[in-house]
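Structure in structure tokens, see below.
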Amino acid sequence: MTDHELKLTLAMVVLFLPLLAAVGIGLGARRWRGLSAGLSLGATVIAFVCSLILFIKFHGAPADIVPATDAAFHGIQWLQLGDFSVDFAALIDPLSLLMMLIVTTVGTLVQIFSLAYMRTDAGYSRYFAGLSLFLFSMLGIVLASNLLLLFIFWELVGVSSYLLISHWFEKPAAADAGKKAFITNRIGDFGFLLGILLVWQLHGTLDIIELSNIGAVTTAAGLLIFCGAVGKSAQFPLHVWLPDAMEGPTPVSALIHAATMVAAGVYMLCKLFFLFTPDALVIISWIGGITALLAALMAIQQNDIKRILAYSTLSQLGYMVMAVGCAGPAASMFHLTTHAAFKALLFLGAGAVIYSCHHEQDIWKLGGLRKKLPLTYRAFVTGALALAGFPLMSGFFSKDAILAQAFMANQPLFYLGVAVALLTAFYMMRCVLVAFHGEPRGEAARDAHEAPGEMTGPLIFLSILSIGLGWHFFGLNDFLLNKNIWLGTTITGAVIPNEITHTAHLAAMISGTIASLAGLALGWVAYRGVKQDPLPGMLGALARGMRDKFYFDELYAWLNRWTQERLARYADCFDRWIIAGLGVRGSSGAVDLTGCLLRLVQSGNLQTYALLLALGLLVMLTFFLF
Amino acid sequence: MSPLTYIFGWPILMALVLMAVPRENRSVFRWGAILATLGSLVLALFVFAKFEPINDLTSINHGYAFVQTAEWIPSLGISFHVGVDGVSMLLVLMAALVAFAAACCAGGIKAREKEFSILLLLMTGGILGAFMALDIFLMYFLHELALIPTFIMIGVWGRGENREFAAYKTTLYLSLGALLALVGLIMIYLHYETFNLPEIIHRVQSTQPDLMTTGQQGLIFALLMFGLGILVGLWPFHTWAPLAYGAAPTATAMMHAGVIKKFGLFMIIRVALPILPDGAQQWLPVLAWLCLGNLLYCGLVAMRQRDLNGLIGNSSVAHMGFVFLGIASMTLIGLTGAVMVMVAHGLLAALAFALSGHLHQQARTLDMDKLGGLLTVMPFWGTLLLMALLAGCGLPGFANFAGEITVFFGAWKTMPLITGIAAWAALVIGAVYMLRAARQLLHGPRADDAPHTEDIPGWHKLPFIILLGALLLFGFAPKLLTNKIETARESLEHVVEMYKRK
Amino acid sequence: MNLSLISLEIGVALLGVLVLLAGLWTPPHRRSALGFCTALGLTVLLALLVKQGMAIETLTDSSGGFVRDGLAVFFKALFLLAGILVTLLTMGFANRLRTGGAEVYALNCFALCGMLFAASANSFVMLFVAIELITITFYVLTSLQSHRLRSLEAGIKYLILGAAASAVMVFGIALIYGSAHTLQFNLIADGLAAGHMKQLLLFQLGALLLLAGLAFKIAAVPFQIWAPDVYQGAPAPVTAFLAIGSKAAGFVLLLRVLYTAFQVQPDGPRLLEPTAMFSVMAAATIIFGSLCALRQRNLKRLLGYASIASAGYVLLGIVALNERGAAAVLVYLAGYLFAVIAAFTVISILTPEDEDEDLSILANLHKRSPLMALTLTLAVASLAGIPPLAGFLGKFLLLRAVIEPAATFPWLVAVALLGVVASLYYYFGIIREIFWGTGQWWTEKAPETAAIKLADSQVVVLVVCVLGMLAVGLYPQPILEIANAAVQGLGL
Amino acid sequence: MTDVGLEHYLVVSAALFCLGLLGVVIRRNLIVMYMSLELMLNAANLALVSFSHHQPPSPHGSPLDGQIMVFFIITVAAAEVAVGLALIVALYRKRQTTDVADLTSMKL
């Protein structure tokens, strides 16, 4: 078996096994809960193993498209019309190998965790089918070799996310959240689609490899493509769906809304880095920065443990996008990887807490869990420290890389980044202190007991990754800094990812450490042993604003009501009253009325008839004779 | 004899046979209809499989396969003339699929089964024949044969308070459309003195390209565009559609929304575009803007619907906008996309109306405010409805997406603004109303006073599965569609070339 | 004088006289045998006519006033067929007449005789006599149910207005005679062609008055005023005969006068402006007939208005001023024959003795008599122009004729389309009453449900009409050929 | 003595015709209306006869045509009168009236 064939086989196994699992569950396995879970988990584990083999074996190889270069597989065309063709082919480059590995790893862990977490759920089989479908779609994004294929899987992850968020569809909040997520994503996808169309018009191709040989052409195309990432990675101004998506089961939040799907936007930006002009990058970086700051501020005043994590996810995604904008896709991918580990850890930890505390999610009703759930506590703290960028944790290194990029590209963003790092440390400290320390403040917290092994096992594994992923020993950073793994950077005129200078490195390291420690310290001071949140008293209106997410939901609801809904109402009224009413009924009524009037002529009186006859004759003679 | 003749002759023959059966034998009618449509379906699949492209436009059959001709009214230049190319082949297959599904779904009819079955079969035969006719008169004639049962079925077996109004409005509206188109067709005939479609097209494209002046072409094209547009629900002539589908019995709504409505579009592609390239040049820009009326405006109207059928009806009108956009783009890609959307939407509309028909049969209401949480009580139905709704908002994996995206690619280069607005309507507005329906009907808690509903039993699932299966099949492998359309490529290219000639 | 030329007319007249005489000795309960004999006799005559064939050689008598060409033969066959069907239809109705059980058959024969002459008229003398024979007979026929005030009233209205129209026409003939110095069609044409026409204004005035008289016969606006009342008041079989026979006679005379005598052609001498006149007339007729019928509940009156609208459509074929138009008129009338007779047969059976022919009498018809329901539905669909019935073909041909590239009247076509759409509304109303009518909602009376027993003669009429509509609609090739050949003689 | 020419006859004829028409239009009694109709027919007769009399020699058509026509008209008119009067009598026996205003059972 040649390398090429091996690559192809493994990639296809990775991609299609989850789909087969989903189809299998849908077609009949859903009647047996264990079989469904087994199918799904088995597929994911095999996919994980294959990904691992692929990564180890090929992580240094240049980008390769399978099977389009393989004559035997040339037939797999999804669509072909003249000069417009969409090949179903996988683009395997080091970046996609890394992403595959991340997705399958987290996927495996989350599924193991779910075995216990969802055990009593009525929609157990449906849940695993959804997860498998999601994994298929996500891996499709990772492997897609052209933009349209990417868009297809992009949409499919959207729908699997929709299905999983509204898994508990009887709950109105969950159902609404799913809908909101899907529609908000669709707004981003709208831009994405236009971007694809524009790229096709300007470049004449949609194939990523071919595109990478052309490079960026206009700012507009890049920005439109970026719209897709704004939607999927929940960037400002389309960030509103992600917190609501926490209505889904917690493992889903861990997998989809923390580690993988929301990172797909960042992944796409990194992979298509060559499509962005410097102007586009500036805008991208600012969007990322704003998202990071806003989300961090909002996170400070949230009380739901999952929502805190959701806002922190938003904030970290903003970080990654900012890094891409600062011409640092390597830093971005680095943070994406570490973030996947520690945020999955945090979410699963939160899941364990929620599981143990009978679905109590308000941190002010928890407390004192440190003693009841020691293992979970340790895991959660590990994750929190990693997220806060505590020195030598994985998050420290990746955040450091991003700050360094920002330092070189855009100084204001650097300071913004530092501020965000401080805020991050602060709210994570708040979360840990309030939820785990002190005395239990609610029934649920008092009765809590440690979760079973299926749940703690993944926690331990992820804790290890969260600590060590950034170390030089893992080689992740070096791997990403290798220029060869980036598409399109070899052509002339392309934007080259920045190389981090020593000064930047130093500045980032020092300010990052200080921010992290300062944030943790502030949090310790503010929340040590408190019974209720002291911040609203100190900050007043600002704290309210943070708690109410700066009123974005209200703003959008208002906007929607005043634009689209109002238009819809006008259209409906127009339809009902003007077209169907005035137009159709009106004209038929007019005809009817004319008919009634005309009939008056037939008065029944012979004399009138004779008169009309004579008049008719007269009219006829007048008209046609003279 | 060509197998095509059997495909559409078989249901008509069955209708005639059923006329002689006494009305007491209720099940005979039901099974007769199913059997006849199944026969057509099997034959259509056979033809689909055997179909071999004949790309030689100069051949005696002008690139059509399975051609059969016979004299009918020679003194008017009218003949019995059937044949298929890639485009009509797909529509025939889709029509046969939907007809079979509709016959299976006709079980809800509990009164006058005899007449219903006969009308359904006439409808099926008529529309199948209309898609394969190569004589313009025959085409029109068979379409009318399919259209008229619609009116009767809405009037007799329709539901709701205003079914009579719906029947009247539909009749008058659609007849007006058909008549306008007829005037246009007669005007074409007066120039060429024949109704033989391939011959006329051949003369337009090679020997007599300038037989009609630009002004005449413009007039005729306008007549065809608006006449056929009324049949399809082109904005602003669409208000009959939601009304009619709201009142029509399930099988009728499936057949009409799914298949018969496609005829207007088919005729624009088949007759108006090739014969009237100059007319097309004058009017297609107008059509491009009108299609936004469908996509955007009807989408917005659909957002306001409280009734499931109203929503599906409006959305089905909205989806016609894609086809119009594809036609207006006048590119090979756009036209291909238009045909794909026609096929996909035919299957989808039939599926959606079949589902809403089942719900109505169970709950006696389609008011979305009164229903909720149905996914728990009717998992199979609910899953299918969810998939249909998602297909309706253009989710990849369903044939609709393949068609819509192709249309966008076809239209983008020439009309970026319109395509952009259309994409907004497709991606966002479509998602808003489709998911709203899912949220209200399937999700959420069940109301305490919700009517008792039961899932689709046993073999009754078959038609649903067939329709959904076809949607998924063509969605995952749109090449199955494009391969067939590709065989008509040369003639489509001719059309595009003629269009761009000036 | 070659008697064999008019043998058909003689035969029909003789048949009428024989029936009248036989009626004297026939006891009242055997009267239907008279009808049967009449129908048989007419059938034999029709068979003879067909056997002589549509021999399309033009034969004229020595004086030139009578012509027997394709057109004449076509219409003679049409009239005879109508006569046979109406006679059969009358057999079922005769017991309602109270008086004149035998006379009705004889009068039918005489009217038919007039029509046969009209089909062959080639001079104004013949035209006048034929028309008067038809009209005066119809005065009597209309008021034959003299115990019904409506019948009598209709007769008198028809009489006064019809006589006035005749007087107008005759005055027109006089003026034409004054300017052309002859009453023979082809001689007038020769005179026109040779430019002998001196007093042009006189001729035009005369022609207009003459056309007004003919327009009265076909009930075209503004001379439609009599039609609704007479259609409503006359006994149903008479209305049927009036609707097809009298109207078709009007049209054959119109064709002859316009094309043979006046030689109007699209590019001919501009003595008249027939195109403008007839297009306005057609449009007004279509609009008036269609709109007035919309809210009409009396079935016969409704069909009266509908027949006005139909006359408008037929006029479209005359507007076209070409062979196609003329042929379309012929085919349309052939289809119209079956539809109208079918409709009036059903009405004649259903109409209660002393009541209105309100639409509600149709309620439950599909249960009471499926054959009648089917026939009436098809008849109405055919009148509305729905394929695959004869009416569709007729309207198709008329539209085709009027949409000629040379003479486009966009507004006229638009009016015609609107008329068709409006007509769908009221025809659909009839079908609705048949299948899901609920009877008279304003009274508490439940609709009749008793099954209706049809007489054999009525079944024959219904079946013939259904077959006729379907045959003309589905396989029109033969009739098209005949019609095309028939209009050759018009000199277009 | 003034020569009475074709024009004079025609003027009289036209006047008669118009008078007849006017009579039909304005009179309410059926019998009088009927008489007016006869007047119109006779106007036509007068015109025909005078045309026939003043017809110049012409290659086609006999000058007697017009007068033959007149005989036909008179005959037909007689038949018409017979039928008409019978109807009016029948009406009178049924309704005791000959006023047209009473004949409006069918309208609209």
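For this structure, a couple of remarks:
Chains here go by letter, A, B, C and D, matching the order in which they are written, and residues are numbered from 1 within each.
The working rule: a contact is a pair of C-beta atoms (placed from the backbone, for glycine too) under 8 Å apart; a residue touches a chain by one contact, two chains touch by 3 or more.
Note that the coordinates shown come from a computational prediction; the quantities given were computed from them, not determined experimentally.
Here the chain at the heart of the structure, going by C-alpha means, is B.
Pairs C-D and B-C differ in how many C-beta pairs touch across them, and the larger number is found at C-D.
Remark: subunit C and subunit D have CA centroids separated by 26 Å (rounded to whole angstrom).
Between subunit B and subunit C the centroid-to-centroid distance comes to 42 Å (mean Cα coordinates, whole Å).
Centroid to centroid, with C-alpha atoms defining each point, subunit B and subunit D lie 65 Å apart. If you average the CA atoms of subunit A and of subunit C, the two centres end up 77 Å from each other. Counting partner chains per residue, subunit D shows two or more touched chains at residues 21, 24, 33, 103, 105-107.
Shared contact sites, meaning residues of subunit B that touch two or more other chains, fall at 172.
Residue numbers of subunit A whose C-beta contacts span two or more other chains: 599, 602, 604, 606, 610. Shown are all chain pairs that touch, namely A-B, A-C, A-D, B-C, C-D. On subunit A, the positions that touch subunit D within their shared complex are 599-600, 602-607, 610-611, 614.
Across the complex, subunit B is touched by residues 77-82, 84, 148, 151-153, 155-156, 159, 162, 166, 169-170, 172, 174-176, 178-179, 182-183, 186-187, 189-190, 193-194, 197, 200-201, 564-565, 567-569, 571-572, 575, 579-580, 583-584, 588 of subunit A.
Touching subunit B in their complex are the following residues of subunit C: 381, 386-388, 392, 396, 399-400, 403-405, 413, 417, 420-421, 424-425, 428, 431-432, 435-436, 475-477, 480-481, 484.
The residues of subunit D lying in touch with subunit A in their complex are 21, 24-26, 28, 33, 100-101, 103-108.
Those residues of subunit A whose C-beta lies close enough to touch subunit C in the complex are 591-592, 594-596, 598-599, 601-602, 604, 606, 609-610, 612-613, 615-617, 619-621, 623-625.
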